[in-house]
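First up is the structure itself, then whatever we jot down about it.
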(Lines give C-alpha, C1' and ligand atoms only; values in the text may rest on other atoms or scores of the structure.)
Protein backbone atom coordinates (compact mmCIF):
# COMPACT_ATOMS: atom_id res chain seq x y z
CA UNK A 1 0.00 0.00 0.00
CA UNK A 2 1.38 3.37 -0.87
CA UNK A 3 0.89 6.93 0.34
CA UNK A 4 0.04 8.85 -2.81
CA UNK A 5 -2.02 11.94 -1.97
CA UNK A 6 -5.69 11.83 -2.83
CA UNK A 7 -6.67 12.67 -6.37
CA UNK A 8 -10.13 13.35 -7.77
CA UNK A 9 -11.60 11.94 -10.96
CA UNK A 10 -13.71 12.82 -13.98
CA UNK A 11 -17.23 11.49 -14.36
CA UNK A 12 -19.66 12.46 -17.11
CA UNK A 13 -17.45 15.40 -18.07
CA UNK A 14 -17.28 16.80 -14.55
CA UNK A 15 -14.41 16.64 -12.07
CA UNK A 16 -15.23 15.30 -8.60
CA UNK A 17 -12.96 16.01 -5.63
CA UNK A 18 -13.77 14.83 -2.10
CA UNK A 19 -12.90 16.97 0.92
CA UNK A 20 -13.27 16.36 4.65
CA UNK A 21 -13.78 19.35 6.95
CA UNK A 22 -11.08 19.82 9.63
CA UNK A 23 -10.83 22.30 12.51
CA UNK A 24 -8.66 24.58 10.33
CA UNK A 25 -11.65 25.09 8.01
CA UNK A 26 -14.16 26.15 10.66
CA UNK A 27 -14.79 29.31 12.67
CA UNK A 28 -16.31 30.33 16.00
CA UNK A 29 -19.76 30.31 14.41
CA UNK A 30 -19.44 26.52 14.50
CA UNK A 31 -19.51 26.20 10.70
CA UNK A 32 -17.03 26.28 7.81
CA UNK A 33 -15.46 29.76 7.43
CA UNK A 34 -16.65 31.37 4.19
CA UNK A 35 -13.21 31.58 2.55
CA UNK A 36 -12.48 27.87 3.19
CA UNK A 37 -14.78 26.89 0.32
CA UNK A 38 -12.58 28.91 -2.04
CA UNK A 39 -9.56 26.94 -0.79
CA UNK A 40 -11.44 23.67 -1.42
CA UNK A 41 -12.32 24.89 -4.92
CA UNK A 42 -8.72 25.83 -5.68
CA UNK A 43 -7.56 22.35 -4.60
CA UNK A 44 -10.16 20.89 -6.95
CA UNK A 45 -9.13 23.10 -9.89
CA UNK A 46 -5.43 22.30 -9.31
CA UNK A 47 -6.20 18.59 -9.24
CA UNK A 48 -8.40 18.86 -12.34
CA UNK A 49 -5.57 20.60 -14.20
CA UNK A 50 -3.05 17.98 -13.18
CA UNK A 51 -5.38 15.19 -14.31
CA UNK A 52 -5.69 17.05 -17.62
CA UNK A 53 -1.91 17.07 -17.95
CA UNK A 54 -1.27 20.70 -16.97
CA UNK A 55 1.72 20.88 -14.61
CA UNK A 56 1.29 24.31 -12.96
CA UNK A 57 4.52 24.19 -10.97
CA UNK A 58 6.63 23.21 -14.00
CA UNK A 59 4.93 25.90 -16.12
CA UNK A 60 5.69 28.47 -13.40
CA UNK A 61 9.31 27.34 -13.07
CA UNK A 62 9.82 27.36 -16.87
CA UNK A 63 8.52 30.94 -16.96
CA UNK A 64 5.41 29.96 -18.93
CA UNK A 65 3.15 31.78 -16.52
CA UNK A 66 0.50 30.71 -14.07
CA UNK A 67 -3.24 31.05 -13.58
CA UNK A 68 -4.62 33.77 -11.34
CA UNK A 69 -8.21 34.15 -10.22
CA UNK A 70 -9.83 37.10 -12.00
CA UNK A 71 -13.43 36.86 -10.88
CA UNK A 72 -15.44 34.99 -8.26
CA UNK A 73 -19.24 34.87 -8.11
CA UNK A 74 -20.29 32.68 -5.22
CA UNK A 75 -23.61 31.84 -3.51
CA UNK A 76 -23.73 30.20 -0.07
CA UNK A 77 -26.86 28.08 0.40
CA UNK A 78 -26.21 26.00 3.52
CA UNK A 79 -23.32 25.64 5.95
CA UNK A 80 -20.91 22.70 6.20
CA UNK A 81 -19.66 21.59 9.61
CA UNK A 82 -16.66 19.95 11.24
CA UNK A 83 -16.03 16.42 9.97
CA UNK A 84 -18.48 16.70 7.05
CA UNK A 85 -17.72 14.73 3.89
CA UNK A 86 -17.94 17.11 0.93
CA UNK A 87 -17.44 16.82 -2.81
CA UNK A 88 -16.36 19.69 -5.05
CA UNK A 89 -17.87 19.17 -8.51
CA UNK A 90 -16.13 21.27 -11.21
CA UNK A 91 -17.05 21.82 -14.83
CA UNK A 92 -14.98 23.84 -17.30
CA UNK A 93 -17.55 26.05 -19.02
CA UNK A 94 -15.23 27.79 -21.46
CA UNK A 95 -11.53 28.09 -22.30
CA UNK A 96 -10.60 30.76 -24.80
CA UNK A 97 -7.67 33.11 -25.14
CA UNK A 98 -6.19 33.64 -21.68
CA UNK A 99 -9.42 32.89 -19.82
CA UNK A 100 -10.76 29.71 -18.24
CA UNK A 101 -14.31 29.75 -16.82
CA UNK A 102 -15.11 27.08 -14.27
CA UNK A 103 -18.41 26.34 -12.56
CA UNK A 104 -17.92 24.71 -9.15
CA UNK A 105 -20.30 23.49 -6.51
CA UNK A 106 -19.61 22.09 -3.07
CA UNK A 107 -21.97 19.22 -2.30
CA UNK A 108 -22.80 17.25 0.85
CA UNK A 109 -24.54 14.17 -0.46
CA UNK A 110 -27.10 15.46 -2.95
CA UNK A 111 -27.31 18.94 -1.36
CA UNK A 112 -25.48 21.90 -2.93
CA UNK A 113 -23.96 23.98 -0.12
CA UNK A 114 -22.01 26.52 -2.15
CA UNK A 115 -21.99 27.33 -5.85
CA UNK A 116 -19.48 29.49 -7.72
CA UNK A 117 -18.45 30.70 -11.13
CA UNK A 118 -14.71 31.26 -11.19
CA UNK A 119 -12.80 33.00 -13.95
CA UNK A 120 -9.08 32.25 -14.02
CA UNK A 121 -6.64 33.95 -16.37
CA UNK A 122 -3.24 32.72 -17.49
CA UNK A 123 -0.65 35.40 -16.71
CA UNK A 124 2.77 35.39 -18.37
CA UNK A 125 6.04 36.25 -16.61
CA UNK A 126 5.59 39.85 -17.81
CA UNK A 127 2.42 40.10 -15.72
CA UNK A 128 0.08 40.19 -18.71
CA UNK A 129 -2.66 37.80 -19.85
CA UNK A 130 -1.30 35.11 -22.14
CA UNK A 131 -3.05 32.82 -24.61
CA UNK A 132 -3.51 29.33 -23.15
CA UNK A 133 -1.52 26.62 -25.01
CA UNK A 134 -3.62 24.75 -27.60
CA UNK A 135 -2.82 21.37 -26.04
CA UNK A 136 -4.24 22.48 -22.67
CA UNK A 137 -7.50 23.53 -24.31
CA UNK A 138 -7.69 20.29 -26.28
CA UNK A 139 -7.01 18.24 -23.16
CA UNK A 140 -10.02 19.79 -21.44
CA UNK A 141 -12.19 19.30 -24.51
CA UNK A 142 -11.37 15.59 -24.42
CA UNK A 143 -12.10 15.30 -20.68
CA UNK A 144 -15.46 17.02 -21.01
CA UNK A 145 -16.49 14.56 -23.68
CA UNK A 146 -15.71 11.41 -21.73
CA UNK A 147 -16.63 9.58 -18.56
CA UNK B 1 1.09 54.89 25.11
CA UNK B 2 -1.25 51.95 24.99
CA UNK B 3 -1.64 48.82 22.88
CA UNK B 4 -5.20 49.00 21.62
CA UNK B 5 -5.55 47.05 18.35
CA UNK B 6 -5.92 49.09 15.20
CA UNK B 7 -9.34 50.37 14.33
CA UNK B 8 -10.52 51.88 11.06
CA UNK B 9 -12.64 55.01 10.70
CA UNK B 10 -15.54 56.49 8.75
CA UNK B 11 -14.94 59.24 6.21
CA UNK B 12 -17.59 60.69 3.91
CA UNK B 13 -19.93 57.81 4.74
CA UNK B 14 -17.39 55.13 3.90
CA UNK B 15 -15.39 52.95 6.29
CA UNK B 16 -11.62 52.89 5.77
CA UNK B 17 -9.48 50.07 7.18
CA UNK B 18 -5.72 49.86 6.59
CA UNK B 19 -4.02 46.48 6.15
CA UNK B 20 -0.38 45.54 5.70
CA UNK B 21 0.47 42.40 3.71
CA UNK B 22 2.40 39.73 5.65
CA UNK B 23 3.90 36.40 4.53
CA UNK B 24 0.74 34.58 5.71
CA UNK B 25 -1.26 36.47 3.05
CA UNK B 26 0.92 35.56 0.06
CA UNK B 27 1.43 32.45 -2.08
CA UNK B 28 4.14 30.90 -4.23
CA UNK B 29 3.07 33.08 -7.16
CA UNK B 30 4.74 35.92 -5.24
CA UNK B 31 1.47 37.82 -4.77
CA UNK B 32 -1.40 37.91 -2.28
CA UNK B 33 -3.40 34.64 -2.34
CA UNK B 34 -6.88 35.25 -3.75
CA UNK B 35 -8.78 34.31 -0.58
CA UNK B 36 -6.71 36.66 1.59
CA UNK B 37 -8.63 39.66 0.26
CA UNK B 38 -11.84 38.12 1.61
CA UNK B 39 -10.17 37.86 5.02
CA UNK B 40 -9.15 41.54 4.82
CA UNK B 41 -12.73 42.44 3.86
CA UNK B 42 -14.17 40.46 6.76
CA UNK B 43 -11.83 42.27 9.19
CA UNK B 44 -13.04 45.57 7.74
CA UNK B 45 -16.73 44.62 8.01
CA UNK B 46 -16.23 43.43 11.62
CA UNK B 47 -14.50 46.68 12.50
CA UNK B 48 -17.17 48.73 10.73
CA UNK B 49 -19.88 46.93 12.72
CA UNK B 50 -18.11 47.51 16.01
CA UNK B 51 -17.69 51.21 15.23
CA UNK B 52 -21.42 51.27 14.48
CA UNK B 53 -22.10 49.79 17.91
CA UNK B 54 -22.84 46.21 16.83
CA UNK B 55 -21.10 43.77 19.20
CA UNK B 56 -21.06 40.52 17.19
CA UNK B 57 -19.55 38.38 19.94
CA UNK B 58 -22.04 39.57 22.55
CA UNK B 59 -24.91 39.05 20.09
CA UNK B 60 -23.67 35.52 19.40
CA UNK B 61 -23.27 34.73 23.10
CA UNK B 62 -26.71 36.13 23.94
CA UNK B 63 -28.20 33.88 21.25
CA UNK B 64 -29.26 36.83 19.09
CA UNK B 65 -27.64 35.31 16.02
CA UNK B 66 -24.72 36.24 13.84
CA UNK B 67 -24.04 37.36 10.28
CA UNK B 68 -23.06 34.82 7.65
CA UNK B 69 -21.87 35.59 4.14
CA UNK B 70 -24.59 34.69 1.61
CA UNK B 71 -23.11 35.95 -1.64
CA UNK B 72 -19.74 37.18 -2.90
CA UNK B 73 -19.19 38.84 -6.28
CA UNK B 74 -15.54 39.79 -6.58
CA UNK B 75 -13.30 41.14 -9.38
CA UNK B 76 -9.50 41.03 -9.14
CA UNK B 77 -7.85 43.85 -11.10
CA UNK B 78 -4.22 43.92 -9.96
CA UNK B 79 -2.17 41.92 -7.46
CA UNK B 80 -0.94 43.12 -4.06
CA UNK B 81 2.47 42.01 -2.81
CA UNK B 82 4.34 41.32 0.41
CA UNK B 83 4.64 44.41 2.64
CA UNK B 84 2.16 46.48 0.61
CA UNK B 85 0.10 49.08 2.46
CA UNK B 86 -3.55 48.54 1.54
CA UNK B 87 -6.84 50.16 2.51
CA UNK B 88 -10.19 48.37 2.49
CA UNK B 89 -12.93 50.91 1.72
CA UNK B 90 -16.42 49.65 2.66
CA UNK B 91 -19.83 51.14 1.99
CA UNK B 92 -23.13 49.71 3.24
CA UNK B 93 -25.36 49.80 0.17
CA UNK B 94 -28.54 48.46 1.76
CA UNK B 95 -29.78 47.00 5.03
CA UNK B 96 -33.24 45.53 5.01
CA UNK B 97 -34.87 42.56 6.64
CA UNK B 98 -32.13 40.03 7.38
CA UNK B 99 -29.81 41.21 4.61
CA UNK B 100 -26.90 43.63 4.61
CA UNK B 101 -25.30 44.52 1.25
CA UNK B 102 -21.77 45.91 1.41
CA UNK B 103 -19.59 47.18 -1.41
CA UNK B 104 -15.88 46.80 -0.63
CA UNK B 105 -12.74 47.67 -2.52
CA UNK B 106 -9.12 47.01 -1.65
CA UNK B 107 -6.96 50.00 -2.62
CA UNK B 108 -3.20 50.56 -2.86
CA UNK B 109 -2.89 54.32 -2.97
CA UNK B 110 -5.43 55.46 -5.56
CA UNK B 111 -5.46 52.10 -7.40
CA UNK B 112 -8.31 49.63 -6.87
CA UNK B 113 -6.84 46.11 -6.69
CA UNK B 114 -9.96 44.12 -5.82
CA UNK B 115 -13.63 45.03 -5.75
CA UNK B 116 -16.48 43.06 -4.24
CA UNK B 117 -20.17 43.10 -3.46
CA UNK B 118 -20.85 41.08 -0.35
CA UNK B 119 -24.25 40.06 0.91
CA UNK B 120 -24.37 39.09 4.58
CA UNK B 121 -27.46 37.71 6.29
CA UNK B 122 -28.27 37.71 9.99
CA UNK B 123 -28.99 34.14 11.11
CA UNK B 124 -30.80 33.41 14.35
CA UNK B 125 -29.95 30.57 16.74
CA UNK B 126 -32.52 28.40 14.92
CA UNK B 127 -30.44 28.66 11.75
CA UNK B 128 -32.93 30.88 9.92
CA UNK B 129 -32.64 34.43 8.59
CA UNK B 130 -33.65 36.97 11.20
CA UNK B 131 -34.72 40.61 10.86
CA UNK B 132 -31.86 42.96 11.80
CA UNK B 133 -32.57 45.07 14.92
CA UNK B 134 -33.86 48.55 14.12
CA UNK B 135 -31.09 50.22 16.14
CA UNK B 136 -28.41 48.50 14.02
CA UNK B 137 -30.01 49.77 10.82
CA UNK B 138 -30.37 53.27 12.24
CA UNK B 139 -26.75 53.27 13.40
CA UNK B 140 -25.57 52.60 9.85
CA UNK B 141 -27.89 55.24 8.45
CA UNK B 142 -26.30 57.79 10.79
CA UNK B 143 -22.75 56.74 9.85
CA UNK B 144 -23.47 56.96 6.15
CA UNK B 145 -24.69 60.51 6.56
CA UNK B 146 -21.63 61.83 8.39
CA UNK B 147 -17.88 62.28 8.05
CA UNK C 1 -16.67 4.59 -7.75
CA UNK C 2 -17.49 6.80 -4.81
CA UNK C 3 -16.28 10.13 -3.45
CA UNK C 4 -15.31 9.35 0.12
CA UNK C 5 -12.67 11.82 1.35
CA UNK C 6 -9.16 10.51 1.69
CA UNK C 7 -8.27 8.66 4.84
CA UNK C 8 -4.84 7.66 6.11
CA UNK C 9 -3.89 4.27 7.53
CA UNK C 10 -1.88 2.58 10.25
CA UNK C 11 1.29 0.68 9.42
CA UNK C 12 3.63 -0.81 12.00
CA UNK C 13 1.94 1.13 14.77
CA UNK C 14 2.31 4.47 13.01
CA UNK C 15 -0.36 6.48 11.24
CA UNK C 16 0.43 7.61 7.67
CA UNK C 17 -1.45 10.47 6.03
CA UNK C 18 -0.63 11.74 2.52
CA UNK C 19 -0.89 15.44 1.68
CA UNK C 20 -0.39 17.32 -1.57
CA UNK C 21 0.82 20.95 -1.42
CA UNK C 22 -1.56 23.51 -2.95
CA UNK C 23 -1.18 27.26 -3.51
CA UNK C 24 -3.02 27.93 -0.23
CA UNK C 25 -0.16 26.25 1.66
CA UNK C 26 2.69 28.30 0.17
CA UNK C 27 4.03 31.84 0.66
CA UNK C 28 5.92 34.47 -1.32
CA UNK C 29 9.21 32.80 -0.36
CA UNK C 30 8.20 30.09 -2.86
CA UNK C 31 7.95 27.39 -0.19
CA UNK C 32 5.34 26.03 2.22
CA UNK C 33 4.42 28.64 4.87
CA UNK C 34 5.64 27.51 8.29
CA UNK C 35 2.20 27.23 9.90
CA UNK C 36 0.85 25.04 7.07
CA UNK C 37 2.73 22.03 8.45
CA UNK C 38 0.79 22.41 11.70
CA UNK C 39 -2.44 22.30 9.68
CA UNK C 40 -1.25 19.13 7.91
CA UNK C 41 -0.41 17.61 11.31
CA UNK C 42 -3.82 18.48 12.73
CA UNK C 43 -5.52 16.82 9.73
CA UNK C 44 -3.40 13.73 10.37
CA UNK C 45 -4.21 13.66 14.11
CA UNK C 46 -7.94 14.11 13.40
CA UNK C 47 -7.85 11.27 10.89
CA UNK C 48 -5.85 9.07 13.27
CA UNK C 49 -8.44 9.65 16.00
CA UNK C 50 -11.33 8.83 13.71
CA UNK C 51 -9.63 5.62 12.60
CA UNK C 52 -9.21 4.81 16.29
CA UNK C 53 -12.94 5.29 16.81
CA UNK C 54 -12.84 8.72 18.46
CA UNK C 55 -15.57 10.93 16.99
CA UNK C 56 -14.43 14.45 17.92
CA UNK C 57 -17.51 16.23 16.57
CA UNK C 58 -19.92 13.93 18.36
CA UNK C 59 -17.91 14.25 21.59
CA UNK C 60 -18.01 18.05 21.26
CA UNK C 61 -21.74 18.07 20.53
CA UNK C 62 -22.50 15.71 23.44
CA UNK C 63 -20.57 18.07 25.73
CA UNK C 64 -17.84 15.49 26.41
CA UNK C 65 -15.13 18.00 25.60
CA UNK C 66 -12.56 18.32 22.86
CA UNK C 67 -8.79 18.21 22.45
CA UNK C 68 -6.79 21.42 22.43
CA UNK C 69 -3.11 21.76 21.60
CA UNK C 70 -1.12 22.48 24.77
CA UNK C 71 2.45 22.38 23.51
CA UNK C 72 4.25 22.34 20.16
CA UNK C 73 7.96 21.65 19.72
CA UNK C 74 8.81 21.71 16.04
CA UNK C 75 12.02 21.62 13.97
CA UNK C 76 12.07 22.59 10.30
CA UNK C 77 14.80 20.78 8.36
CA UNK C 78 14.02 21.36 4.67
CA UNK C 79 11.26 23.21 2.79
CA UNK C 80 8.39 21.63 0.87
CA UNK C 81 7.18 23.25 -2.36
CA UNK C 82 4.04 23.65 -4.46
CA UNK C 83 2.69 20.31 -5.73
CA UNK C 84 4.96 18.20 -3.51
CA UNK C 85 3.64 14.83 -2.34
CA UNK C 86 4.09 14.63 1.42
CA UNK C 87 3.29 12.07 4.11
CA UNK C 88 2.60 12.95 7.74
CA UNK C 89 3.74 10.05 9.94
CA UNK C 90 2.23 10.15 13.45
CA UNK C 91 2.96 8.06 16.51
CA UNK C 92 1.14 8.32 19.83
CA UNK C 93 3.93 8.36 22.39
CA UNK C 94 1.80 8.49 25.52
CA UNK C 95 -1.80 8.83 26.60
CA UNK C 96 -2.43 9.37 30.27
CA UNK C 97 -4.88 11.42 32.28
CA UNK C 98 -5.99 14.31 30.07
CA UNK C 99 -2.84 14.38 27.97
CA UNK C 100 -2.00 12.82 24.62
CA UNK C 101 1.59 13.11 23.35
CA UNK C 102 2.08 12.65 19.60
CA UNK C 103 5.29 12.61 17.61
CA UNK C 104 4.76 13.71 14.01
CA UNK C 105 7.05 14.09 11.05
CA UNK C 106 6.36 15.40 7.57
CA UNK C 107 8.20 13.35 4.97
CA UNK C 108 8.87 13.79 1.25
CA UNK C 109 9.93 10.34 0.13
CA UNK C 110 12.51 9.22 2.70
CA UNK C 111 13.45 12.77 3.73
CA UNK C 112 12.09 14.29 6.95
CA UNK C 113 11.18 17.92 6.27
CA UNK C 114 9.59 18.84 9.60
CA UNK C 115 9.44 17.06 12.93
CA UNK C 116 7.26 17.89 15.91
CA UNK C 117 6.21 16.76 19.36
CA UNK C 118 2.64 17.82 20.02
CA UNK C 119 0.90 17.65 23.36
CA UNK C 120 -2.89 17.73 23.18
CA UNK C 121 -5.13 17.91 26.22
CA UNK C 122 -8.76 16.90 26.50
CA UNK C 123 -10.77 19.85 27.83
CA UNK C 124 -14.23 19.37 29.31
CA UNK C 125 -17.17 21.74 28.76
CA UNK C 126 -16.15 23.56 31.98
CA UNK C 127 -12.86 24.52 30.35
CA UNK C 128 -10.75 22.21 32.54
CA UNK C 129 -8.57 19.21 31.63
CA UNK C 130 -10.56 15.99 31.72
CA UNK C 131 -9.42 12.38 31.99
CA UNK C 132 -9.51 10.65 28.59
CA UNK C 133 -12.07 7.80 28.36
CA UNK C 134 -10.54 4.36 28.97
CA UNK C 135 -11.84 3.04 25.63
CA UNK C 136 -10.00 5.80 23.72
CA UNK C 137 -6.72 4.91 25.43
CA UNK C 138 -7.26 1.19 24.80
CA UNK C 139 -8.10 1.83 21.15
CA UNK C 140 -4.74 3.54 20.65
CA UNK C 141 -2.92 0.79 22.51
CA UNK C 142 -4.40 -1.74 20.09
CA UNK C 143 -3.50 0.34 17.01
CA UNK C 144 0.07 0.78 18.18
CA UNK C 145 0.46 -2.95 18.51
CA UNK C 146 -0.73 -3.85 15.02
CA UNK C 147 -0.01 -3.30 11.35
CA UNK D 1 -6.08 61.67 8.95
CA UNK D 2 -4.32 59.00 6.97
CA UNK D 3 -4.67 55.25 6.51
CA UNK D 4 -1.22 53.92 7.33
CA UNK D 5 -1.45 50.30 8.51
CA UNK D 6 -0.94 49.69 12.19
CA UNK D 7 2.60 49.44 13.45
CA UNK D 8 3.84 48.23 16.82
CA UNK D 9 6.46 49.91 19.01
CA UNK D 10 9.42 49.23 21.26
CA UNK D 11 9.17 49.72 25.00
CA UNK D 12 11.86 48.80 27.50
CA UNK D 13 13.71 46.80 24.85
CA UNK D 14 10.66 44.74 23.91
CA UNK D 15 8.46 45.04 20.84
CA UNK D 16 4.72 45.33 21.44
CA UNK D 17 2.21 44.57 18.68
CA UNK D 18 -1.56 44.71 19.24
CA UNK D 19 -3.87 42.23 17.50
CA UNK D 20 -7.65 41.89 17.47
CA UNK D 21 -9.19 38.44 16.99
CA UNK D 22 -11.43 38.09 13.92
CA UNK D 23 -13.58 35.16 12.73
CA UNK D 24 -10.73 34.03 10.43
CA UNK D 25 -8.61 33.33 13.53
CA UNK D 26 -11.11 31.11 15.34
CA UNK D 27 -12.32 27.52 14.98
CA UNK D 28 -15.42 25.47 15.76
CA UNK D 29 -14.16 24.98 19.32
CA UNK D 30 -15.16 28.63 19.83
CA UNK D 31 -11.58 29.74 20.49
CA UNK D 32 -8.56 30.91 18.48
CA UNK D 33 -7.21 28.10 16.26
CA UNK D 34 -3.79 27.00 17.48
CA UNK D 35 -1.86 28.03 14.36
CA UNK D 36 -3.34 31.56 14.38
CA UNK D 37 -1.00 32.54 17.22
CA UNK D 38 1.97 31.70 14.97
CA UNK D 39 0.52 34.03 12.33
CA UNK D 40 0.16 36.79 14.95
CA UNK D 41 3.77 36.19 15.99
CA UNK D 42 5.03 36.36 12.42
CA UNK D 43 3.23 39.69 11.91
CA UNK D 44 4.90 40.97 15.08
CA UNK D 45 8.38 39.77 14.01
CA UNK D 46 7.92 41.31 10.54
CA UNK D 47 6.88 44.60 12.09
CA UNK D 48 9.76 44.49 14.58
CA UNK D 49 12.22 43.96 11.72
CA UNK D 50 10.80 46.84 9.73
CA UNK D 51 10.99 49.14 12.75
CA UNK D 52 14.63 48.04 13.10
CA UNK D 53 15.27 49.05 9.49
CA UNK D 54 15.27 45.56 7.95
CA UNK D 55 13.27 45.60 4.68
CA UNK D 56 12.50 41.89 4.11
CA UNK D 57 10.80 42.38 0.74
CA UNK D 58 13.65 44.51 -0.66
CA UNK D 59 16.23 42.00 0.67
CA UNK D 60 14.29 39.17 -1.00
CA UNK D 61 14.00 41.06 -4.29
CA UNK D 62 17.71 42.02 -4.26
CA UNK D 63 18.57 38.34 -3.79
CA UNK D 64 19.99 38.92 -0.29
CA UNK D 65 17.92 36.11 1.13
CA UNK D 66 15.08 35.91 3.61
CA UNK D 67 14.39 34.55 7.08
CA UNK D 68 12.78 31.15 7.49
CA UNK D 69 11.51 29.65 10.73
CA UNK D 70 13.84 26.86 11.88
CA UNK D 71 12.39 25.95 15.27
CA UNK D 72 9.23 26.64 17.24
CA UNK D 73 8.74 25.77 20.91
CA UNK D 74 5.35 26.94 22.02
CA UNK D 75 3.20 26.54 25.16
CA UNK D 76 -0.53 27.30 25.16
CA UNK D 77 -1.77 28.41 28.60
CA UNK D 78 -5.24 29.85 28.01
CA UNK D 79 -7.45 30.37 24.95
CA UNK D 80 -8.21 33.68 23.24
CA UNK D 81 -11.67 34.28 21.80
CA UNK D 82 -13.41 36.22 19.04
CA UNK D 83 -12.99 39.99 19.40
CA UNK D 84 -10.32 39.75 22.09
CA UNK D 85 -7.69 42.50 22.24
CA UNK D 86 -4.27 40.86 22.34
CA UNK D 87 -0.68 42.08 22.44
CA UNK D 88 2.28 40.14 21.06
CA UNK D 89 5.37 41.01 23.12
CA UNK D 90 8.62 40.07 21.35
CA UNK D 91 12.20 40.12 22.60
CA UNK D 92 15.25 39.27 20.52
CA UNK D 93 17.24 36.94 22.73
CA UNK D 94 20.23 36.40 20.45
CA UNK D 95 21.41 37.22 16.95
CA UNK D 96 24.54 35.50 15.77
CA UNK D 97 25.69 34.06 12.47
CA UNK D 98 22.60 33.17 10.47
CA UNK D 99 20.36 32.68 13.49
CA UNK D 100 17.94 34.98 15.27
CA UNK D 101 16.30 33.76 18.49
CA UNK D 102 13.11 35.51 19.52
CA UNK D 103 11.01 35.02 22.61
CA UNK D 104 7.35 35.90 22.03
CA UNK D 105 4.30 35.89 24.22
CA UNK D 106 0.70 36.63 23.40
CA UNK D 107 -0.94 38.59 26.20
CA UNK D 108 -4.54 39.53 27.01
CA UNK D 109 -4.17 42.31 29.55
CA UNK D 110 -1.66 41.01 32.08
CA UNK D 111 -2.36 37.33 31.31
CA UNK D 112 0.03 35.33 29.11
CA UNK D 113 -2.05 33.11 26.79
CA UNK D 114 0.72 31.66 24.62
CA UNK D 115 4.48 31.71 24.92
CA UNK D 116 7.01 30.71 22.29
CA UNK D 117 10.70 30.58 21.48
CA UNK D 118 11.20 30.98 17.76
CA UNK D 119 14.45 30.44 15.93
CA UNK D 120 14.63 32.09 12.50
CA UNK D 121 17.52 31.59 10.10
CA UNK D 122 18.58 33.86 7.25
CA UNK D 123 18.69 31.81 4.04
CA UNK D 124 20.57 33.03 0.97
CA UNK D 125 19.36 32.63 -2.62
CA UNK D 126 21.37 29.39 -2.81
CA UNK D 127 19.17 27.92 -0.09
CA UNK D 128 21.89 27.91 2.56
CA UNK D 129 22.15 29.73 5.89
CA UNK D 130 23.81 33.12 5.49
CA UNK D 131 25.49 35.38 8.01
CA UNK D 132 23.18 38.24 9.04
CA UNK D 133 24.46 41.71 7.99
CA UNK D 134 26.33 43.53 10.78
CA UNK D 135 24.06 46.57 10.52
CA UNK D 136 20.97 44.42 11.20
CA UNK D 137 22.55 42.98 14.34
CA UNK D 138 23.62 46.42 15.51
CA UNK D 139 20.16 47.84 14.88
CA UNK D 140 18.64 45.25 17.20
CA UNK D 141 21.30 45.86 19.83
CA UNK D 142 20.36 49.54 19.84
CA UNK D 143 16.63 48.80 20.08
CA UNK D 144 17.10 46.42 22.99
CA UNK D 145 18.98 49.07 24.91
CA UNK D 146 16.37 51.81 24.62
CA UNK D 147 12.79 52.61 25.51
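Read from first to last, the chains carry the letters A, B, C and D; within each, the first residue is number 1.
The rule we apply is simple: contacts are C-beta pairs under 8 Å (C-beta built on N, C-alpha and C of every residue); 3 or more make two chains touch, one makes a residue touch a chain.
Quick caveat, the model's predicted, so the values are computed rather than measured.
When each chain is reduced to the average of its Cα atoms, B sits farthest from chain C. C-beta contact counts were set side by side for A-B and A-C; A-C has more.
The geometric centre of chain A is 34 Å away from that of chain D, both derived from CA atoms. Centre-to-centre separation of chain A and chain C, using mean CA positions: 26 Å. Across the assembly, chain B contributes 23-24, 28-29, 31, 35, 39, 42, 60, 81-82 as residues in contact with two or more other chains.
Residues of chain B that touch chain A in their complex: 28-29, 31, 34-35, 38-39, 42, 60, 66, 68-76, 79. The residues of chain B lying in touch with chain D in their complex are 1, 3-6, 9, 11, 16-20, 22-24, 39, 42-43, 46-47, 50, 55-57, 60, 81-83, 85-87. Here chain A touches chain D in the complex through residues 23-24, 26-31, 33, 35, 81-82, going by the rule given at the top.
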